[in-house]
Amino acid sequence: MLSEPRAMAKHIEPGMRVALPVDYAGVSMAMTRPIIEHGAGDLDLVCVPTGGLQVDQLVGAGLVRTVETSAVSLGEAGGAPRFNAAVKEGAVRLKDATCPAIHAGLMAAQKGSPFMPLRGLIGTDLLRHRDDWRVVDNPLADGGDPIVLIPAIKPDVAIFHVPMADRFGNVWIGRRRELAAMAYASRTVLVTVERIVEENLLADELSAAGVLPALYVTAVARAPQGAWPYGLWGEYPADGAEIARYAKAARTADGFSAYMAEAQMEPA
Amino acid sequence: MLSEPRAMAKHIEPGMRVALPVDYAGVSMAMTRPIIEHGAGDLDLVCVPTGGLQVDQLVGAGLVRTVETSAVSLGEAGGAPRFNAAVKEGAVRLKDATCPAIHAGLMAAQKGSPFMPLRGLIGTDLLRHRDDWRVVDNPLADGGDPIVLIPAIKPDVAIFHVPMADRFGNVWIGRRRELAAMAYASRTVLVTVERIVEENLLADELSAAGVLPALYVTAVARAPQGAWPYGLWGEYPADGAEIARYAKAARTADGFSAYMAEAQMEPA
Amino acid sequence: MAGVLPREVLICTIARLLDGVRHVAVGASSPIPAAGAMLLRAMKEAGGTIGPRISILGSVEHNFFTNGSAELFDCAGQGRIDAFFLGGGQIDGFGNVNLVGTGDYPRSSVRWPGSFGSAYLYFVVPRVILFREEHTPRVLVEKVDFISAPGVSQDGVFRSGGPIALLTGKGLFRFDKTRPGFHLESVHPGHDLAEIRQATGFRFEHDAEPRQTALPDRATLDLLRGRVFDELAETYPEFAAQMQRDLGTVDA
Amino acid sequence: MAGVLPREVLICTIARLLDGVRHVAVGASSPIPAAGAMLLRAMKEAGGTIGPRISILGSVEHNFFTNGSAELFDCAGQGRIDAFFLGGGQIDGFGNVNLVGTGDYPRSSVRWPGSFGSAYLYFVVPRVILFREEHTPRVLVEKVDFISAPGVSQDGVFRSGGPIALLTGKGLFRFDKTRPGFHLESVHPGHDLAEIRQATGFRFEHDAEPRQTALPDRATLDLLRGRVFDELAETYPEFAAQMQRDLGTVDA
């Protein structure tokens, strides 16, 4: 089960649906370049529930067919330049969503259900552009009461980064339970970690409470500072200057290519 | 927010819907006698997802109107005597369920949704006797594909026991996340704990991972050995002899009354 | 065969029925199914391959779940549980299971605990093994009084799982969902067809001369009585101790 | 009033709009709404009562959630969040909010990040405060190009929440969902009705002579510049530092 990022990237095949976490939950930036090197394209990204740097770089590298998301941005560093350019050019297909709709779709997959109902959404242009979402009258009401059904989201692959895993493949996700939701819903789960610990994380109730069990994990690779330039909760803060440097460089396709070609793949 | 069991029992009013956890998740046996002394009846119990000693004692005390559950038993000690007698006499109304249906109903409440879909169930006599469950054709399928919709379960009160809480009302539930599900779904949440700790359980990522935040907690009371004679995960095992002693005593209504009247309310 | 306990035959039969599964879930008070799963794992590992993952509900040692009691059902719904065991106060010839009680529901004359997760798991776990040591007309009935979980479903009902076999203290039946019904596959040592007919309340298919349930070979028995009983003792100490006592009474 | 910064007026106005809430959620990069919530809490506590619980998304200090990024929405769906803030690239006179982009969707000429949770929270949080400092015809438009979240819903659509006010750098509007539309409630110091008319792309109701937005009294200002700025500095250090610098330029 122990692997390394380049080997893990080989799990990704063209046309796969790939789930990626929100910027503060634990983005495996360490996987970004290996995925790009591996080169499998036509990916359908699912941002859980929003995307940033990693999504922008995969789009910039031309690997992305659709983006299902509630938002894509670089936070304080502004809009996501390659994503926004691709939107303007029509180079990626958008499946604009709202955060709880993404969560609902994953929850449906987690539960083995074909859909989950979700309040809200009615009257939005999000709903108008989503032919996979369905409005029905609540069958448990006396009539009327329209409600939206979100179909199950079943990613082929989920990829994220967390502080630690044990030798048995148990992964410590702490309170970032959207990572568990992604894993439950996905067929293949690739995790990078700051460190591998010797003890079984399930053996102690305190650590077990924050564990995604090995049962759901396909492969784990050690990647110190693996979320950089994003931060990792409880470990290190985001490197705002580096994200801003990327944002500036990636305003043009050439600038993006130059940035990505830099040898430096680790924090300074 | 810090209270004690008798004061907490006063939150329970006649006719309320009360959620109680499965025997191994953390049953607040320390609340059982205070609830019986308090005497609010016509309770609609929701077992999450099965019940045992506490349910049997509340039924035996005549406080229970309906029991929604996937099972009631005393485990190794056999059937639940007062519950089974009440069933035979028709003294409690049954809402027989299956474990994931209880979880689905709570999840619907957690999500603010009117229902959750659930596979299975079709062709069972459980479904035949549940007029609150509804079969619809899956609106996302091309036709046919019947599926059951479970309405939201919104308990008035949830009651459980865990190892610890902090002074701010944050409650440590570890990996027993059905306790969180109960709390999310319920209006009032009453928790007994082995101990109150000084440090803020949310301040450390390791302990925070297993915390039900104070946001969802109405009151906390210290009750050492509060699950006894049930065990508490990570703390102490069940007292099988005591459960067997109860099972034997409660075969008759008189035996039950004699048992409950015993002064001893703590483990020997 | 002298020297093999009836429960050892059951355990070895379960190991055979589980062959090929990746993940098997076992109920909290099910030592024989757990032993079968552990035996399969030990056999696979002795053969140099990977054995099944075993989740024992309610056990701390074998609890691989961290998302509360809903996780087993989620896990099954995701297709991550290949095999599960169901007992039943009544089991009928159509594979229907009754875990609720006898007589007129809801005022059952005999009330059993309840359906637990059966009404869901029976639909979504590919290999459900019906297991009940007691083999009497009281348990194996023509028609259950209450359907906790149906053996088969109508066309068009989502169903990725269901019963594959019924194992009792007397024999092993295979379930044929196309008929639907049971076929007596083998008779355990010390029992015979006539006895099974008398003890079974439903009609079943059988060969003219049903074969005897296969007995474990020496290597299997050694694994069982060694590693597996040791593992079993961690979770089911009383059962393991009883088995050791029973072994003392036979020519093992 | 000399000595009160425009952003202090905004913060104090937000505190007033939040009066009575038990739990307010604030976005990750929303220092002014967060300051308003913190000010209300400080005022309540100074008055001997309990202030609102404040959840700041993405903050570690003010993160009371332990169930991942879905918990905010669950919590709102449970009715446990009384107030929330929404910005918007465009906001129109019907309270519709556009967080997606301008021009023909999906090939937006200007693309903003996206709708985030607005398409849900706007429906279920009772007091949504629309907050955008920029008050221009570019932002406050007659009709949004894309409805991320609608200001009002048709009868029969489940809706327990929605907009109550729109606060900008120039003034405060109340939302009347029965018309539906905005009513200019007050004008911030240094601005006037004519300016607001010119800067607003949608029609709105107003009194002939709108009153000026209420200014904080000395006690409130002391709380704000003391305890609240200290609290704010933990989560929004740059914003708090900027406020301190700005304060140095006025007669405070």
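Per-chain residue numbering starts at 1, and chain names A, B, C and D are given in the order in which the chains are listed.
Definition applied: contacts are C-beta pairs under 8 Å (C-beta built on N, C-alpha and C of every residue); 3 or more make two chains touch, one makes a residue touch a chain.
For clarity, every value in this text was computed on a predicted model and none was experimentally measured.
Shared contact partners of chain A and chain C comprise B. Among the other chains, the CA centroid farthest from that of chain A is the one of C.
Contact count check for B-C and B-D (C-beta pairs in contact): higher for B-C.
Each chain gets one centre point, the mean of its Cα atoms, and the points for chain C and chain D are 60 Å apart. Work out the mean CA point of chain B and of chain C, and you get 29 Å between them.
Work out the mean CA point of chain A and of chain B, and you get 36 Å between them. Per-chain Cα centroids separate chain B from chain D by 40 Å. Annotation for chain B: residues 100, 107, 111-113, 118-119, 145, 147, 175, 180, 208-211, 233 touch two or more other chains. Residue positions 65-67, 73, 77, 124 of chain C each touch two or more of the other chains. A list of each chain pair in contact follows: A-B, A-C, A-D, B-C, B-D. Looking at the complex, you find that chain A touches chain D at residues 22, 24-25, 48-50, 69-73, 75-76, 79-80, 83-84, 87-90, 93-94, 96-101, 103, 107, 118-127, 129, 144-147, 175-181, 233. Those residues of chain D whose C-beta lies close enough to touch chain B in the complex are 23, 53, 63-67, 73-80, 124. On the side of chain D, the complex with chain A involves touching residues 28-29, 58, 60, 65-73, 77, 99-101, 105-109, 111-124, 146-150, 153-154, 156-158. By the touch rule above, chain B contacts chain D in their complex via residues 109-113, 180, 184-185, 202, 208-216. Interface residues of chain B, counted against chain A in their complex, comprise 100, 104, 107, 111-119, 134, 136, 138-141, 145, 147, 149, 151, 172-175, 205-211, 233-234.
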